[in-house]
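Presented below are the structures under discussion, each in the form of structure tokens.
Note that subunit A is present in both complexes that follow, paired respectively with subunit B and with subunit C.
This part shows the complex of A and B:
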């Protein structure tokens, strides 16, 4: 028996040969994950959860009047400068040389941003006055959740959109800032949101690529800080948050590896061929 | 005329598919040619499809092939919408009027075909299904459609595939027993595709491409091959027949490399013009990325061209090695294959078009397809149709706990609907249609001539 159609063969048409399905391949593209590697990668999710936690706790302190806007602004400014220096030091300026961006440009955009936020902070303060506080809380919670969902954790998926994610976080911060006592509070809150949701992930990404050990240390410290902060507000919340972080960094990788063994993906000659070459060069 | 009478008695077959003339394509010509050859062998055949624009109602084609164009709503890509129930009254009328014994559905993309299978099983008729296409397993849409195929085929009597690769694919997709799946290839009419070397311009080398210009046919690969080879061989010409969204890519390549005199884009071709285009070339190029059978390469080989094709799907099964050069689906591999063919052409070691035609002519004929399909019908006619309780059991045990129970419920509802329809209009008061098919049909009888003026005859290009 031959697998050809052009010859009449002395077998019935429904004959099933030994070689039936011999070209079937399973799990060709399935990846074998290592537990440690998955735990390391889950750090990105833990970091982002902690960022949201730190942001909300900070807002809580501001709202309760236990943290002065000047104090927060000072602390944020110092850590931002530290991060700025670190950002260039980690790869000894290679990234900056590549992008060709000058320090003057950095300073300019910082000043423009700070000036605009400061100028508009009275508007931000009164923007949502006519909206009920409950609505504001619900909206902020939703927006922060959306921020976590659409954040770019390094996965190549259609749902990932860092612009949308950042916009949702800033929207949440504007909502929450409008419930603070004065417009200076609102200004500091929005700047702080920018720092923690826009600048901090950039530094993290660079740390992760250049010094993985350092990144693990930073993640653990940041998580502990967030937990400690949350514990001062609500001990039950802190316990729940701790178990969430543990589940994400330890339990979820374990489940992924267990489920990966059950993967059953079928490939064979019937698959649509992929064009692997870059054909755009013919049109350049 | 008839090549031997039917062995197991004459069958009354109803072909159901959303795809039929005036729509053009592989499934359409398959249904038409198979029906014609079955009529020639003494069976009664009718075709049921949906209305195409103003073409609705009943039409008669060559040899009294009766076609029902049903007034059903087209949803997407010429496929009707399905509710699983709304087509039952119409289809039941047809099945009863025409005394149908076997329902033969075509193409897994056709919702009407699946509906007809479902109703035929409810009415206790025997069912055959022909799958014409390949499908993957990886993405969400294929997981869903494969599940529906499992439901549709789990209690179908017999399945026909067009190539061995297609059989493997269908068996896996629908979780079938491979012994109820037959492989019967497509065919081409060799008298339509005869070589004519005088139409070639032998001072140049012409590569012909005839396909729809879409991604799945690998037109992006073609856009890489054209500049690569045109720079190397100044006497090389390309002749591209077909239309589609990727035409713009080829036009850009032609513009970029100033090949207006050497790359001709002919646009959409009528079926009867394909041969006239093919005979102008020396080499036929097929760049498909997936293909269950590929009639185009058989047509080209029948016209005496050297075929160069990608090695995908069922293509390696279609032509013997000395008639086809198989390549990997990449620009480099296809260019190597074409260069090999050009070298053979220049040195004159290529077989003459006549020899190639005479070889290919014997491979695939519609008569052979009809003979083998008839065997499937004979086999099916001896089988029992599952009674209702066993059908429900099969659905529930075969299609998974959720889908199985849902469709078992649908099957029960469909049966109740049928009982209701039978109560409204009992089978006994539905008129039996006059059989007009075939040489012995009413069509040719004396008393029928008076009526002939009323019956329209459509002659599609066959």
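This part shows the complex of A and C:
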């Protein structure tokens, strides 16, 4: 018996031979993860959660009047400059040469940010005056949740859209900034949002690629800072947040590895055809 | 096949003679047009007929004989009549004879050359020659419904009507004419004519020439280059009075042109235009006589200013309401105040403009009212234009509101694509994904947020002013509908249908007169008049409909997107 249909054989068409199951393969593409590696990768999620937490806590301080806009602006400026220097220093300028982006372009972008935000801050201040605070909170919470869902954590999935994620974060920050008492507050808040949601992940990505050890340290420090900040606002929230972070960084990898062992994928000649060869030579 | 003989009812009392008419072989029917009396010379008859044939292009020939014997039947006469068949050879030779006062006529055919002289069934159909000649047969309008069979019937009937109508020359001789041949037909007792009509025909020629000259002068002035410069030509196209005057000018040109109307439709069109013009002008003069009596113009002017003031005050109140918290809506206070003040200032300007105008309004109205002598439609168009000018502030508000709203809607739709990381690909006409720079994203989202939160305020202003604008537009549209009605109503056709219903024929009906065995069936053909609906449908005059014919859905879409609906014109126009 031959497994072909184009030759006449003394068997019916639906005949199945004994050798049929010999070609069965299990878990061909399943990967074995190491616990440390998974915990390391989960750092991206922890970082983003902490960013959102830091942003919300900062807004809380600003709204309560415990943090002056000048102070926040100064701190943000200093950390931005530090981050900018670090960004180039980590890979000693290799990334910049590759992308071909000049410092003049950076300066121009910064000026555009600052000018537009400063110009629009009075508008932002009065934008949502007539809309109730609860609506604004609900909208911001939804947008920040959307930011966390659509963020590019490095996974290759259809749902990932860094553009949408960043836009949602900006929308939430504009909504929250419009609740602040003065237009300077709004300006500083939106600038801070830009730094923490747009610039900080870029630096993180570079750190993660170049110096993994340093990245782990930064993540832990950042998480601790976020926790400390949250603790001053609400101790219950801090405890909950700490348990969330722990669950994501320790429990979830453990579950993944445990469940990975139960994986039972079967492959065989009945699979649909898969083109593995490089097709580019046919396209010439 | 049944032989049909169409016999004019006016000839039923004619003296004996021969029948002349047209033989329609396809339908196997004979249309008798007249009776030639004894005595005659056959050669002269033949010559006369060929002459008639040359003029009318209808193959008129001698079809048979006619005997009307008051007394007992004379043997010699019938023999003589049979002999005539040999002189005027026609196949078949129809012999109709009426005996005394009896209602039953005998009718027979002679087929000399056919081998089987079988008895053919004959139907005698009486028709009123005058009515059939004057009437105009209309083919069935709904050709989709009528089958081929019906169309065939209609064309057969049309051939008969056509024959009678074309042989008008045959009926122009009456019994007082000295000629070699004596005929009996509907006008044989005297040709119908009216002195007034003849005089008017004579007078119309110089009148038309004068009118043509004047019209060419006026249209020459209108076409001169001075009036064609950009702002003026734009203004002309926007004023409905100018459109209406141009329309009427064209009508006058059609009437006064010295070209003869080629067919019935063109003739009716001319007559319709003429009557509609006359009625229009008569109504206009009536209106003018009413207006200029008892100083009504002055009263009108006195009421006009307070009304305009009142409208402005109402608008101010409306704006004050909008600047608060209208209907409990959550508006952006700052934008609300800005827009409200802007519009209030505009109303202030408007009121001062009205007050500046107020001393002159009466004079303007007085002179403008004179134009009512050009017709009621012109007066109505002027009224529409005055409404448009007096509600110019509403129009301005609408335009500002619509522009602002349109800007927001388009901005929001494109920024929403940016928000999702997409963009509109113009080349492929679709939405593609696109990677934006960080600063583009930031500014785009900032603007998106601002526009989104400001949208309700703008939308409310837009809504209120659009409703006001629609109100004005509907009033203007009703006026235009009235003008269109007067312009397009075929008054002459309707009057004709009312007084001379046979002139516009839709078809015929047959009534059985007598039926007896051995005698031919006698039918009376009567004309079915055209229904009023189809009269209007057939002879409706075209109007100058320059406004865009939006469907309701496209109108709603335009309103939603904030596109400007065409200014100063009614868009909800239904195609009637």
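General observations
Everything below uses one rule, namely that the second predicted complex is superposed on the first by the 258 of 284 C-alpha atoms of A that agree within 3 Å, B and C clash if a C-alpha of one lies under 4 Å from a C-alpha of the other, contacts with A are read in each partner's own complex, and residues count from 1 in each chain.
The rule is simple: a residue touches a chain if its C-beta (ideal position, glycine included) is under 8 Å from a C-beta of that chain, and two chains touch if they have at least 3 such contacts.
Please read all numbers here as calculations on a predicted model, not as lab measurements.
Of the two partner chains placed around the shared chain by superposition, neither subunit B nor subunit C is touched by A:98. When both complexes are overlaid on chain A, the residue A:116 reaches subunit C alone and has no touch with subunit B. By the touch criterion defined above, A:265 lies against subunit B but remains apart from subunit C after alignment on the C-alpha atoms of chain A. In the superposition on chain A, A:167 makes contact with subunit C only, not with subunit B. Within the superposed three-chain model, A:134 lies out of touch with both subunit B and subunit C [touch as defined at top].
Residue ranges on subunit C touching subunit A, taken from their complex, read 325, 330-334, 418-421, 435-439, 441-446, 448-450, 453-454. Subunit B makes touch with subunit A in their complex at residues 134-138, 158, 163-166, 168-169, 171-172, 178-185, 216, 218, 220-221, 223-224, 227-228, 249, 252-253, 256, 289-290, 292-293, 310, 312-314, 316-320, 329-332, 363-364, 372, 375-376. Of all residues in subunit A, only 109, 112-113, 116-117, 120, 123-124, 126-131, 161-164, 166-167, 170-171, 174-175, 190, 194, 198 touch subunit C in the complex they form.
Remark: subunit A residues 3-6, 12-14, 16, 20-21, 23-24, 265-277, 279, 282-283 touch subunit B in the complex.
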